[in-house]
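As written, the chain order gives the labels A, B, C and D, with residue 1 at the start of each chain.
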Amino acid sequence: MPLNKEGIAKRIAQDLRDGWYVNLGIGIPTLVANYVPEGIGVEFQSENGILGMGPFPFEGDEDPDLINAGKQTVTLLPGASLFDSAMSFAMIRGQHVQLTVLGAMEVSDSGDIANWKIPGAMVKGMGGAMDLVASAKNITVAMMHTSKKGESKLLPKCTLPLTGVNCVNRVVSNLAVMDITPDGFRLVERAPGVSVKEIEDSTAGRLVVDGSVPEMAL
Amino acid sequence: MPLNKEGIAKRIAQDLRDGWYVNLGIGIPTLVANYVPEGIGVEFQSENGILGMGPFPFEGDEDPDLINAGKQTVTLLPGASLFDSAMSFAMIRGQHVQLTVLGAMEVSDSGDIANWKIPGAMVKGMGGAMDLVASAKNITVAMMHTSKKGESKLLPKCTLPLTGVNCVNRVVSNLAVMDITPDGFRLVERAPGVSVKEIEDSTAGRLVVDGSVPEMAL
Amino acid sequence: MDKVVANVKQAIEGIESGMTLMIGGFGVCGLPENAIAALAETDVVDVTCISNNAGVADFGLGVLLKDHRVKKMIASYVGENDEFERQMLSGELEVDLIPQGTLAERCRAAGAGIPAFYTPAGYGTEVAEGKEVRVFNGKPHILEHAFHADFALVKAWRGDRAGNLIFKGTARNFNPMMAMAGKITVAEVEELVENTELDPNQIHTPGIFVQRIFQGDTYIKPIEQRTVRARS
Amino acid sequence: MDKVVANVKQAIEGIESGMTLMIGGFGVCGLPENAIAALAETDVVDVTCISNNAGVADFGLGVLLKDHRVKKMIASYVGENDEFERQMLSGELEVDLIPQGTLAERCRAAGAGIPAFYTPAGYGTEVAEGKEVRVFNGKPHILEHAFHADFALVKAWRGDRAGNLIFKGTARNFNPMMAMAGKITVAEVEELVENTELDPNQIHTPGIFVQRIFQGDTYIKPIEQRTVRARS
């Protein structure tokens, strides 16, 4: 059965390593914070100026001066720090953040990503996404494998304006975990009960299947 | 009579304007702080990270963590701020400092300055001087008109390695106040009792004398 | 040093049609509310606004956009304001969308006397169109230039007469860099104090970057996304 | 996050001959005293040191220079150390003197992922030799590149287990930028506290830039120029 959003977040959380600083984008990526494995200490960076971001505040404790990059009210954990936007992107461009998780409209099999604009229809802006994908060493995309119309979002080439080129390392979708390789998407894991065939059918870009592909252990 | 060091500092202090931020170099420039005219509020910037630098501390109050760019113990005045070296030079390069006063070994009649190196004999380094002279809109050099050997330090062309080109606006020496113009040093004021002839004899670079030149009023 | 002006009206004196304005804040967090509201009472039009976001429909930059005072908007993310999106898609409003880190760094660069710098952000995208590309350490970068502004409007938590500012929480965001980049920087603060009251070691923006300071009358500080968890 | 190491020996573990080291401080103010002293006890030689000054004869970088551990020195001002000047003029020591603001900015650039930037400092001087010159707004600038280091040794006043640092007075100077530029940044602090004790709004260097932290055993903090005025 394909994963829901929480399942995708849970699978990505398994990739976290102790001591990492992690930037989570808006949407599914935000949920990753809820599934940090036991014994793994990570600090979440919010590009509007937080290291050590904590959960949402208790009702009544909301502070308009303490929000995350998605403009949601948040809290700070012990050891947190606050800083300005130049410092925040210094951390990001300077590769001090070990993992970036963000959503995408399209990903190409060479690691290009598009997530900020649909010409003539939608323009929200790239926010910090272009800085993040151009800089981070380790970029995971969290996304649905196909659009609402059933079209693959994993393509040979992006059709939408790009956010970054040749930068995505891993895609975790509702169907699979895939790493970007010179040969295209390499299938790493299947969602529980999802067949290789099903993934192949939903992937328009090159998909490399090496031997038997394990199911995710969630 | 030629000015002494205090006299030079006192004359430069007359050029201060209310509301200015001022960077004073090591040596004679440091003394300018002692002669700020009544009613003129200025803040002194020290490039190692102070705005609002005050006088030396009272004996016993010295703090090793609070020094000026000359490594002397200093104090802070109300409204002071402390910052790092990148921020300090952001202020300097960004032209937020209204006046820079520094010493020189040589100044040319086109406004070049040399003050950091004597090849083969002395190399102290440029410290912040190159940033200051390349950036500041308003640079006054405080210096003796001639060397200990009696040679002019106001030259057609510097002989020592340069600190900056075409940057000095004004020179205040023990003999005169001179502004740099396209035609060379323009004589603005004479030290009390010093003749134009005496200044001409001590100046190797082009010197422009326009009509009668007033004496400084100290 | 005393940079205090009597009120918001004096603070924004000199802002004229056609000028370039920087406006601090991230979303509606850390916005110079009072200065924006006062600007909306003037007859200033055709301004170029540099601000990370475009406000929401009825708050922040939204009120300037609604009145068509903004000719051009330079921002990184505008997803919260439908009217903005409408004006942009219809072509009424000129828009330059640029990466958030590049926006922050271009403001800082202006304030720091760095006319241009190289960044990897935007390489290979439409952001890079017409820009110089250069490879450093095997990685392509694009050349970005400093952003200057005629006026920068910023908002801090506390400030003193000398213009020193301390921000609070994530309301800091773009305010410090924009303060550096304004030809005239107007700072509004929730609390204006005497020059002896702030710890010099804790100043976020040294007063040298601020030309005018005043205490805002009121601060609404709306919350865009009120997210909470239940008390257990 | 817990980046505390047990002692200075563990803190400098991995520093090897031939490496590039950044060392914070201005004069002997804000120097990582304990790390330098421990380094002087190792057999590390041939290092390239990036530090604003060269210490004095018997303190700070002076002790490393005296033992000829330094192959190359990158600094802005070295006037306080005669032994340094002697080694430099005799050719025993390779020296790169660069403008102080450029030094600070090159460290920050490395930490901030900016590979290169333009500055007016040094144009027309020997500092500009071999460097690209470009005119912006009618003014010539030179291209300067980021400085990276294998280790950065910095010193703060207070720090917590997560590596957050607060500096004191002018002991801040180059420490924050060098902390950003080190592949491994070792911070020593006068007082190490728990992660709940520092105000997140007052952190000068966020812990993300610090890989190891320890409390120094003692701090001598000499004064180079003790200047005072008489009590009236």
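Just so it is clear, a contact is a pair of C-beta atoms (placed from the backbone, for glycine too) under 8 Å apart; a residue touches a chain by one contact, two chains touch by 3 or more.
Fair warning: this is a prediction, and the values are worked out from it, not measured in the lab.
Peer 1: Just to be sure I understand the contacts, which chains border both chain C and chain A?
Peer 2: Of all the chains present, those in contact with both chain A and chain C are D.
Peer 1: Farthest from chain B by Cα centre, which chain is it? Let me know.
Peer 2: For chain B, the chain whose C-alpha mean is farthest off is A.
Peer 1: Could you put a whole-Å number on the gap between the CA centroids of chain B and chain D?
Peer 2: 28
Peer 1: Find the geometric centre of each of chain A and chain D from their Cα atoms only, then give the gap between the two centres in Å, rounded to an integer.
Peer 2: The mean C-alpha positions of chain A and chain D differ by 36 Å.
Peer 1: Counting in whole Å, what is the centre-to-centre distance of chain A and chain B, each centre being its mean C-alpha position?
Peer 2: 55
Peer 1: Roughly how many whole angstrom separate the Cα centroids of chain C and chain D?
Peer 2: The answer is 33 Å.
Peer 1: Please set out, as single numbers or ranges, the residues of chain B touching at least two other chains.
Peer 2: Within chain B, the residues that touch at least two other chains are 82-83, 86, 89, 92-93, 135.
Peer 1: List, in ascending order, every residue of chain D touching at least 2 other chains.
Peer 2: In chain D, 105, 108, 112-114, 119-120, 167-169, 201 touch at least two other chains.
Peer 1: Among line, ring, star, complete and other, which best matches the way these chains touch?
Peer 2: Shape = other; not a path, cycle, star or full graph.
Peer 1: What's the complete list of touching chain pairs for this entry?
Peer 2: Result for touching pairs of chains: A-C, A-D, B-C, B-D, C-D.
Peer 1: Using the touch rule from the top, collect the residues of chain C that touch chain D in their complex.
Peer 2: Chain C reaches chain D through residues 105, 109, 112-120, 134, 136-137, 139, 141, 145, 166-169, 201-202.
Peer 1: Along chain D, where are the residues that touch chain A in the complex?
Peer 2: Residue list for chain D touching chain A: 1-2, 108, 110-114, 160-162, 164, 180, 194-196, 200-201, 203, 206-209.
Peer 1: Inside the complex, what are the residues of chain B that reach chain D?
Peer 2: 46-50, 55-68, 70-74, 82-86, 88-89, 92-93, 112, 116-117, 120-131, 134-135, 161-166
Peer 1: Give the list of chain A residues in touch with chain D in this complex.
Peer 2: 19, 21, 41, 43, 45, 51-52, 76, 78-83, 86-87, 89-97, 135
Peer 1: Could you list, by residue number, the parts of chain C that touch chain A in their complex?
Peer 2: 26-30, 52, 75-80, 85, 88-89, 95, 97-105, 107-108, 119-127, 157, 167-177, 204, 221-231
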